[in-house]
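Each chain gets a letter, A, B, C, D and E, in the order it is written, and its residues are counted from 1.
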């Protein structure tokens, strides 16, 4: 892509034979070439576009993105277009292998059935809905709170920073599990509670990250230049800081989402997940683990979904980090 | 030339509190004036506080002690309003052409940002001015839509200059604008800066450690060492009559790009290391490396004195005749 | 603490109201909340965290007995995580972009991708039970904490998550170090690749890894609940979870405070280790 | 916890069809020839007999402590510390004669005073013993003693001390001499001999108890003084307990196992794995594991635990105040399908409130010959529901219901089943609210619920333990059921000395509460399936003796 | 004179994400025993890549030697295996880098770093190494050598570190020392110390030095011979005197005149070279300097100029040196003084 030669060719392309005599014409003085001496050979490309291009070229990233898009689409549509509902039971047809035909409805159970004869396929996709909703919602909240908090703390520094960071330290000093569990017990079970409970502790990581970034950017000369020009804080934050830490935020969110999915699974394991008959991957995995010696596929299905999703997000995050890495840019 | 004082620095000090016990004295009690239309060169070794001084003058750092006057009026840079007004008059160009441009902005936005902040012109006029400025610094208008990382160091430095010029300042601090550049590019930038000065009547504070260039561009030169001002004089005067031992050593150490002259030159190599600026000891800052230092030098810090007309030196060993 | 619905003394049977009042009186729960709190704080200064409402033992005793087990488990798993994680990270960095990198990072990623309750159950089933059935010997015990062969699987199960974190961090930091000028210097001296890696890179690359050890210790200790439950280990992790579920609030505040203090202590240790391996950091001052 | 009387060969009653003779035991168990290991599932929280209130603790206590009587293989009381006793004609006064060679583990002799002391400690209100009521309601004038002991003994004023002394004097329990106890009850107590085997009636070595201190007593292996068949020799909290045979025990020659180790495995997979890998000799299994073991050909055993599971309705809630609706909600559940397809652990669908293993009159079990009171009937349920809704002025859309369950995965699974049944049979959506055990109980106590999926396990081997709780104002009557007729039936039964008449009153009451008024709706009686390694035989397991190794349990092979 | 290093027609490329970077495009140079060869040129023109290729320090890939030969003391470097290179590095040839702050391992004592080469190549014991380290530090005039050897790099100042680096490089008495901008990061007063030290070393140890720098002042002070590089090629090669007083290439000449000296007239503008060097992603097909050269001719844009010998050990690559070059017709006002000489030299 970069090999385009922009130098204009002289009208009469001359061929010179080095061994023989060279035409005098060739030695005609043309002087400096003002169009070409400041030429930039490479095409203009913005930071985001460049990163996206690089991402597009990585097969890993592409595969991960495809998987995640499929998962999201599946989570949205598949539970609606399934022959079974999430709670529909046929207890006489419980714990069946994948690809078995239901005795009552004569429909296919693609992933088999669980202990109550419910269709695992539809429960898995419904679980994907829950798990992904929780993940995205929490990530969004963490992100919003963390960026604002970390941004303020890092930008203003001094005493403000000191107080704000002490608060973060205290919050992250208490093991998050206990906070989440206490909250989960006080609040009613449900999606909203899980999201709130996890968000309450989750934002601290983002806040620290953003603060660190802001502090290091604050020392950068381009920010000093902006300040020297009289830029007000809102401009500095909005136009300089946020765009410059955006990539770090995106990467961090991508790497955070798997942790949230993980936590949801963990809370379900403790019986603190969402209420039945709804399903989530955590609930499915937890149900599956109890019977995996007898009906291994009941664990394999949700475990595989959790793994693949986590892998995809993690790999995508790594790839994004590489794509955004200023060191790799030239 | 009637010398009109543009900026007056009065006993400026800047300390950084590193820890509870450690204070880093980056700039120590500097008093000097910058005249309108002149170029004041500031030289000194790395870490001697040149940039800090420049930033204090720019209002980016608040001086720990001392006051700054602009056109005879004291400016309180702690007040947002004062600072904002002042920022329209003073600008800065940085050493590192890589770190000084926001990588996420196009060149056009970078240059027009100052105008936006100060509400100069309407959007279209601003755009035109961006093109104009780009051409002033020898770039093409097409470059306005490109990103900084696509440019070479010299080109970026020129973008930095264009940015500084955009709000039509009176005064520019050039913080080592050429140290990171190649020899062949350095002269481009220097010529550009000189041209602009002539055309726009700018005042420069030119920070550098290459003495040849400082001599070439400056009207007056200030020699700094460890946060202190050691010598201040007209450019020719300082070369003709180098008085401070440190300035002498500094000048002698500069290699001349001429083998014959180099061969004849007798360089006097300074011994010893530059002391730390953290919790500095009393006495002359140069005493630890000065070949003439005695007990007085080590215990008492010298005052800046006018030794010859307009030639100020801070040294116990150099006294007015 | 009284926010939590439920009452510590509710057993399976209803207790006559008189008895319940007697119980409240015995444990001081009949006093005003504020008084309870003051008494509690006052007692803590005497090293008395109160009596566990569920276990009826002094909270300090419970912690004193269970925490060493958790610590033992935690240290073992951290050692596993550290050694394996570092090796994986080094291998990945040295073979950047090649098969070694991919494999090492895949292992690491699987580590973060599989919840510990699944890993624990699988390890127990395959390395515990199946290996026993295949060999007829108890290679790894399935439960308990009284023999060496019982301590391996839980530590391994607990190590997976942090191992993944460590290896990924190590890879990044190792790549960073390998790009440093002093590595070029070492290469210019004619040192071999292994000499460069072991003498010049690893120590420097470990430093960022060490800084995350504090939070990692926290994660390992609190995450131990699952593993302790699966492998029936008498550690503190499960009290930590069950006390919340049973509204045992002396235990809740006791363990929370203890963990808080321990984490502060762990971070202190990490700082000290950091000072030991990085000569640029003095214990008193900051970094140069 | 427990208590027992005649009848009740529970173990055989509901056991699975497998017979040990035809299938070979596949698992040899632990290698140790001197010790068996069983899974107790939980740490016993309290080994102080005064305070204890749970199954796990009483399992250990029955091994290390001896009461006046103990239960034999068939849950019948037999002599233990008491060698013989006389009963008065009104069945209110019992005179026990103690054996004179019994010793505490610290060498002291076991005397009548040890028993009186223990009972007084239990009844002492300031000790806040959970089972105080089971002592003070039975023993004559116990209530007065309980009321007198509000302040802790060390803080009593002189006046209070005098009051306590007076109450003590009137108490129906007396040590006539060192080895004779005279015990008088408030009412005729047909199951008194089983009661004497209950933990709350076990003796206490006053000297040791006071020197260790009530707070610290029995909190560690070294801090307990026992008089039973085994000694508590090792206790690592939350890990394991080891009891070792007491050679000085009067019946030592019949105790053939030297050591029993109790481990506390909660996780279902670890449970089965450790059994298969020869780390444990006896475990309870769940339905899934049971299926798999059966397929392998492993013999499975089981016992009826005596626990019944039922819906508790909040009878004060609009809609649920209607008996037809309550009945419809219960009849809509196909319990047989639940038991067969979901639980698969040999539990049986309930036909009444009192489980099959509870003894009744004439040496037969209480449930023997009882009419069927509850059961699945979809058509009837639909009809009753429609009628009920009309009566209550509700529709399916306006009638909002929720069901509280435990948050264990088993309970949640069942709840999902009920939810689906209601949906398909009655066409209503019931919201499920899983809660931690303690939270669930608290919601129940505060009457803050519509329906609860709850369970009850017996305190003693008599139908009364399931029935007296539904009287008006009873602490366990969370649904606030109130029926004068019911209350009078229970009172009559309490005062009745004749066993057959008494059982008749109880049966009438049972029918009233779970069928006619339908204040609760029984679902199934729990059965506990378990497997034992080939190493261990002869162990007793029943609803009242969860683990017992004293009656001929042996290590073989 | 004995030739220690002989590089012929070296081409090095980097395969990067955006395409191939032709960093070195046909470099030919040699170094004689005991002499100092300076390589000057603008940033990015390939000086460091050339130097690192001589030691094969470039990571390969992405770097790749496309063509050419390197012979170091008779050893074929291009063909040498990594193992062989390990024995050559540090023993025959060693290198010091620009930034002394980052070139030392921050967690290893200076003394140990100093003698690693000795342990590797001379198999000295620990005790011997310690002595040797002190000797080396003394050689580079570091006071309190005994204490300093036990310190960590952060306890050294920049100048001391660079001196320690030099000591490190010299510990095995290599035949050739490659100094890649050894003074760029240092202050002038410290630079003077280092320059003096390098001169002394060459005199006392007879080590040949390749000195890479931007600073023509340093070149004038130290170098015997100078190679001027531009956009991956050597455009002029000659003795120090040739380059400073008798340069033949327009680039060399512009470079020298663009430097202000103490005597430069402040009222006059500096001579400057307009434009920027070409991007090595897409090197121009003709002379790389053509677009910035005021003497540029048609042929310059079309064809790369070959190397013309213009004097003893003095070569330059400019079409103006071709025998067929007709001479400047319309002489630009300020023609370089060297132009006349160029014509003379072109007559072989």
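In this text, a residue touches a chain if its C-beta (ideal position, glycine included) is under 8 Å from a C-beta of that chain, and two chains touch if they have at least 3 such contacts.
These numbers come from a predicted model, not from an experiment.
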{"item": "If a chain touches chain B and chain C alike, it appears here", "value": "A, E"}
{"item": "Common touching chains of chain E and chain D", "value": "A, C"}
{"item": "Identifier of the chain whose CA centre is least distant from the whole-structure CA centre", "value": "C"}
{"item": "Contact-richer chain pair (by C-beta pairs counted) among A-D and B-E", "value": "B-E"}
{"item": "Approximate Å spacing (C-alpha centroids) for the pair chain B, chain D", "value": "89"}
{"item": "Computed distance of Cα centres, chain C from chain A, in Å", "value": "26"}
{"item": "For chain A paired with chain B, centre-to-centre distance based on mean C-alpha positions, whole Å", "value": "45"}
{"item": "Centroid spacing, where centroids are CA-atom means, of chain A and chain E in whole angstrom", "value": "46"}
{"item": "For chain D, residues contacting two or more additional chains", "value": "269, 436, 439"}
{"item": "Contacts with two or more other chains, residues of chain B listed in rising order", "value": "138, 155"}
{"item": "Shared interface positions of chain E, touching two or more other chains", "value": "274, 276"}
{"item": "Chain E residues touching chain B - in the complex, by the definition given at the top", "value": "42-44, 157-160, 187-193, 195-196, 214-221, 223, 240-241, 244, 254-256, 258-262, 264, 266, 269-274, 276-277"}
{"item": "Sites on chain A touched by chain E in the complex", "value": "1-7, 10, 13-14, 16, 18, 21-22, 24-34, 36-42, 54, 328, 330"}
{"item": "Sites on chain A touched by chain C in the complex", "value": "172-178, 181-182, 185-186, 258, 262, 265-266, 269-270, 285-286, 289, 292-293, 299, 303, 306-307, 310-311, 314-315, 318"}
{"item": "Chain A - residues contacting chain D, complex", "value": "87-89, 91-92, 94-95, 115-117, 185, 188-189, 271-272, 275-277, 286-287, 289-295"}
{"item": "Interface residues, chain E side, partner chain A - complex", "value": "16-19, 274-276, 278-279, 281-282, 284-285, 290-303, 306, 319, 322, 324-326, 328-330"}
